[in-house]
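Single-structure report; data block below.
Lettered A, B, C and D in written order, each chain numbered from 1.
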Amino acid sequence: MRKIRVGILGATGAVGQRFVALLDQHPWFKVSALAASDRSAGKKYVDVVNWTLPTPIPGWAQDMEVQPTRPELDCDIVFSGLDAAVAKEVEWEFAKKGYRVISNARSFRYDPLVPLLIPEANPDHIHILAEQQKRYGFGRGFIVTNPNCSTIGLVLGILPLWLEAGIEKMVVTTLQAVSGAGYPGVAGLDILGNVIPHISGESEKIEKEPLKILGKLEGNSFVEAEIAISAQCNRVPVRDGHLISVSLQLKKKLNLEAIRELYRKFASPLAEWNLPSAPYHPVGLDGSTFQPQPLHKVNSGNGMIVTVGQLRECSVLDVRLVALVHNTIRGAAGGAILNAEWLKVNGYLD
Amino acid sequence: MRKIRVGILGATGAVGQRFVALLDQHPWFKVSALAASDRSAGKKYVDVVNWTLPTPIPGWAQDMEVQPTRPELDCDIVFSGLDAAVAKEVEWEFAKKGYRVISNARSFRYDPLVPLLIPEANPDHIHILAEQQKRYGFGRGFIVTNPNCSTIGLVLGILPLWLEAGIEKMVVTTLQAVSGAGYPGVAGLDILGNVIPHISGESEKIEKEPLKILGKLEGNSFVEAEIAISAQCNRVPVRDGHLISVSLQLKKKLNLEAIRELYRKFASPLAEWNLPSAPYHPVGLDGSTFQPQPLHKVNSGNGMIVTVGQLRECSVLDVRLVALVHNTIRGAAGGAILNAEWLKVNGYLD
Amino acid sequence: MRKIRVGILGATGAVGQRFVALLDQHPWFKVSALAASDRSAGKKYVDVVNWTLPTPIPGWAQDMEVQPTRPELDCDIVFSGLDAAVAKEVEWEFAKKGYRVISNARSFRYDPLVPLLIPEANPDHIHILAEQQKRYGFGRGFIVTNPNCSTIGLVLGILPLWLEAGIEKMVVTTLQAVSGAGYPGVAGLDILGNVIPHISGESEKIEKEPLKILGKLEGNSFVEAEIAISAQCNRVPVRDGHLISVSLQLKKKLNLEAIRELYRKFASPLAEWNLPSAPYHPVGLDGSTFQPQPLHKVNSGNGMIVTVGQLRECSVLDVRLVALVHNTIRGAAGGAILNAEWLKVNGYLD
Amino acid sequence: MRKIRVGILGATGAVGQRFVALLDQHPWFKVSALAASDRSAGKKYVDVVNWTLPTPIPGWAQDMEVQPTRPELDCDIVFSGLDAAVAKEVEWEFAKKGYRVISNARSFRYDPLVPLLIPEANPDHIHILAEQQKRYGFGRGFIVTNPNCSTIGLVLGILPLWLEAGIEKMVVTTLQAVSGAGYPGVAGLDILGNVIPHISGESEKIEKEPLKILGKLEGNSFVEAEIAISAQCNRVPVRDGHLISVSLQLKKKLNLEAIRELYRKFASPLAEWNLPSAPYHPVGLDGSTFQPQPLHKVNSGNGMIVTVGQLRECSVLDVRLVALVHNTIRGAAGGAILNAEWLKVNGYLD
């Protein structure tokens, strides 16, 4: 099989670096273009990137010449790690020129014709794309987005319950890692030995995005799920891994043992497709007293598994649990790559 | 006025050190005895304490000879910073011998004749003491306890709402500082760059203690308040200051502006007594976008003020807020000292 | 005594905030002007400053209107917390207009007519100022600088040895706090759980500045001291307090006991002047096994005392020791204020 | 090839866990016994270990029954991660019973018949073993030790210079990670946002161990190298990776460019043997401005490569550099495994 050639927009940024690392030796995709700001364009990637990941820069990436962020890249699809500030305009231009844009930015998440995709949760939402292409005049191009990093952790963390019992209400408190703010992001002086009990725009996303994701695609429009969600977000001095504390009310009551069984049995709805980045058990249940800790569990399934622990009855709603998601892998670049894999096996990258 | 002579049980521990520091130059109390384990007894305090506070050991304490923890201390009242493991037996013995025991330990918190005291919240609960003395044969002695550090932050943080509107339900998530676990407490390897999403016994205390505190003393028994509380507790890499994220449902509905007004106007019910450790505004409302942060606000009112921020409507219950309490001052030693002050002006230390 | 009116340049920055905090209730100085960038000018200080200190903004500062950084401020002297990038031009303009400039910036440190002042070490260097004023046409104005934060810790830490025995060589390794890099300074992602073994320009300053400070003012020129200094600098995840590990070779050999005695007896050469910010013992010797730790000792003498510990024989040179300095108090704003106090009692602020 | 069966003493401790992780899928060794305290004996490893590594417990180890620490283990050699407190007696007993003991403990490091081994530095020191076996009556058994974690980093970091030019003096300052103190080790309250400028016994080891390692085996005795070493050790809030700042004086002078060339060309003296854990370039030179940082470089060569950076002329001695070693891999368990590999290819494990 010929590999699909992919470009990375915002390749020097925090999410862009994760794309580069995760696409190293990907069986289906091959990075053929790295794009960044005009200031970096024309230079070698290794010379302009401030690489912050623990693994080294893949050899093939080091000497690649960084391209300017214009829709003339030599590739079939683009992964976008752009800041929202520029993503709206740039991604639209790329789609207009026929590029398939798999975006991590928030710009088009609420667009009525753009899927907000977590393939395990709403695999069929991609079927809006024909309508998107037609209405927006994208030709072969399109835009698919993945949700905010915390939203992904929340939705996957409660997915077995949602599918089996339905959920009416969720009270959410997050403890989010520093890498979620990009680079340079949060100042050392602000976060060393401290917690910042607010993240701009974050609670709004967590309260809103799941409604679209867990909603239904009816004809050519998304009908939102009816869940009341309340979120309060904290930045904590952790490098990687968002913890999401959830108290929720079920539609159909289940006892704890039944819930544990649900989680243990939960296999990926995508299992039969053997997608390279899709874990067979995308949600891991951990019954240990002191888990899930970011330091111990964030890399479960190469960062693609959401770990759920602290499961117990809630004395206000029905159930409490804590979900842990790797915010820059499953919650960003890895999630986007999984989206691309799902699009591929559905023929959308042909 | 002659100062009241006080002893400190567990004087070398984390809470004991706070007692020593906070009682330095106290206008009413004078430390006349420091007690610790037999291993330390007979030695100078400075030689056996592993002092971990940022301020130096007060001069008067450095050369004091540490006493064994037996009810023969040369003092009128004792503050107990003992571990729960030994507190039950030891505190009982002291009370039996006529000592007034102001305890930070959990051993007697649920005893039906022992006040669980936050003077701003349940000032009248001390009137159980006559019955306690009689029934337990304590003579002049008695035992008064203060709640768990997180409970104090929670109860004070919602007190203006409780008093004005009543509260039916609270969903609570805590982000607790390392000093709350004592010394040596949490291992560096466990907490550096990490979050531990469980603290043994903590959620149970937060769910249960407020019911007694906010309950009524009717005759000689406490009648619990009716509030449903659900708590999940996290340890975070912060030195001092527990953050408590609360979503709550009111009995009487109030809009946000009315709530803000409530908090701004809330003055200490103890104000007229001019207690040395009682802030005039025990609950501070902070409307800044990124507050209350432990690093910036934990020392408000010398660590005796609970700061509330992130106040907003909750889309599941009625109101969300975040409360910050200095866990080893207001939440432990400082809270106990305030309890002693309240007992004094009510004649219980005569 | 009428207070001297002072302005603060760079008042919203990290060092500027320290000036504001330290000048609160200063017995001799009264802040009459806060200056910052044009973007902040015209607004209230409280509205433009991102206050990062643990103590609150002094009341008088909160509502002061920030001025543009032009030499038309209503004050007699200015403290400069400016970045080196702009300090050179701006400080010169202020001096030209007759302002006395007490600067923390590095721009004029090596100027042959500008004192690089640590009053305990080189009190007489201020007598170059008449020549400076004449040659540079400053009229009543002048410029006085304080050294780099690590240099101050190093020079004070070895001052008793220098004065008594002379020093020929020093091998220095620093462990420097994050606040030394200003705000936002070091990114959280770079420093959480990490050490950065290089600080741009820092080792050069440590190797060079002491030569001028410990040199002699002969006539109207400074003659450098002859010491070989080698430095390597590390950034560590500590908020405040630079640790400086020194191995040094003495001119006149002294045994350890004699050295300890030297340190114990060392009193400030400025003692008789009773300067408000000058500790009587500017260098504290700590013989404890595990000291000086930043967390425990950085605030010694309100941050104006350098603490020396780990004193022992060196098997390569003669003596090893570790010095701890509060980098933004004694090492920056506090050092500059002490400089101003020294200038005042010498009549240079009349 | 049949795999050699190995036991691990102290298997539940910090170093023991590293042994378990590093021996997973080792081509030559197969863990056949895990030994720990009597309290753990008889239980499953997974049930008694407080696993603190980021990778999961290998499947084969989880259900192994922990053995008591007695010389009746079913294995050919033992790796010892024992505390020094018990290592002396236990390791001697094992050797007496014919076990080959590869120890990370310090108990026998200075024994005149025990090699203190870094195979790249003193490969021939193993030839003392025949004499050791004879004199101590060990039969087939023996004891081989690896140096302290900082010593290994220091010796490897300067090895190319030592071999080519000789070294007369070294002034050393270390910044050591928390994992070096074992588990629970350093209390969170002591190290969060702090530096502790002393590590008990550490500077002595760094000043002494290299003399034996870099010394010569002449006949049946070790003749120490003549180097003057001075060390001061700091604990810093980093998880893994000791930084070692060195200023050194060469016997034969070399300019910086020649030194860089030396490092670049330095290949392992063990290269021809293809040992599984021996990197071809055991010392990596990193010329980047801000390297080697623990977070970025500690895992070089799977934690077996020492990274050297900040190379420059020293104005007091000749050369300065900073070396980074993974303290629990190359500096402990990984170093011991490499020792075993070297013993094997030399026939000492037959």
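In this text, a contact is a pair of C-beta atoms (placed from the backbone, for glycine too) under 8 Å apart; a residue touches a chain by one contact, two chains touch by 3 or more.
Values in this document were obtained by computation on a predicted structure and should not be read as measured data.
Give me the C-alpha superposition rotation for chain A onto chain D, in degrees, nearest 5.
180
When A-C is set beside C-D, which has more C-beta pairs in contact?
The greater number of contacts lies at C-D.
Which integer distance in Å separates the CA centroid of chain B from that of chain C?
41
List the centre-to-centre spacing of chain A and chain C in whole Å, with centres computed as mean CA coordinates.
Computed from C-alpha means, the inter-chain centre distance equals 48 Å.
Compute the distance, rounded to whole Å, between the mean C-alpha positions of chain C and chain D.
Those two chain centres are 42 Å apart.
Hey, what residues on chain C touch two or more of the other chains?
52, 192-193, 237-239, 295
Quick one: which bits of chain D touch chain A in the complex? Just the residue numbers, please.
Per the touch definition, chain D meets chain A at residues 51-52, 54, 192-193, 295-296, 299.
Which residues, counting only chain B, touch chain D once they are in their complex?
Within the complex, chain B touches chain D at residues 14, 52, 178-179, 181, 183-193, 237-239.
Can you list the residues on chain C that touch chain D in the complex?
169-171, 173, 175, 193-198, 200, 207, 228-230, 232, 234, 236-239, 243, 245, 247, 289-295, 309-310, 314-317, 320, 322
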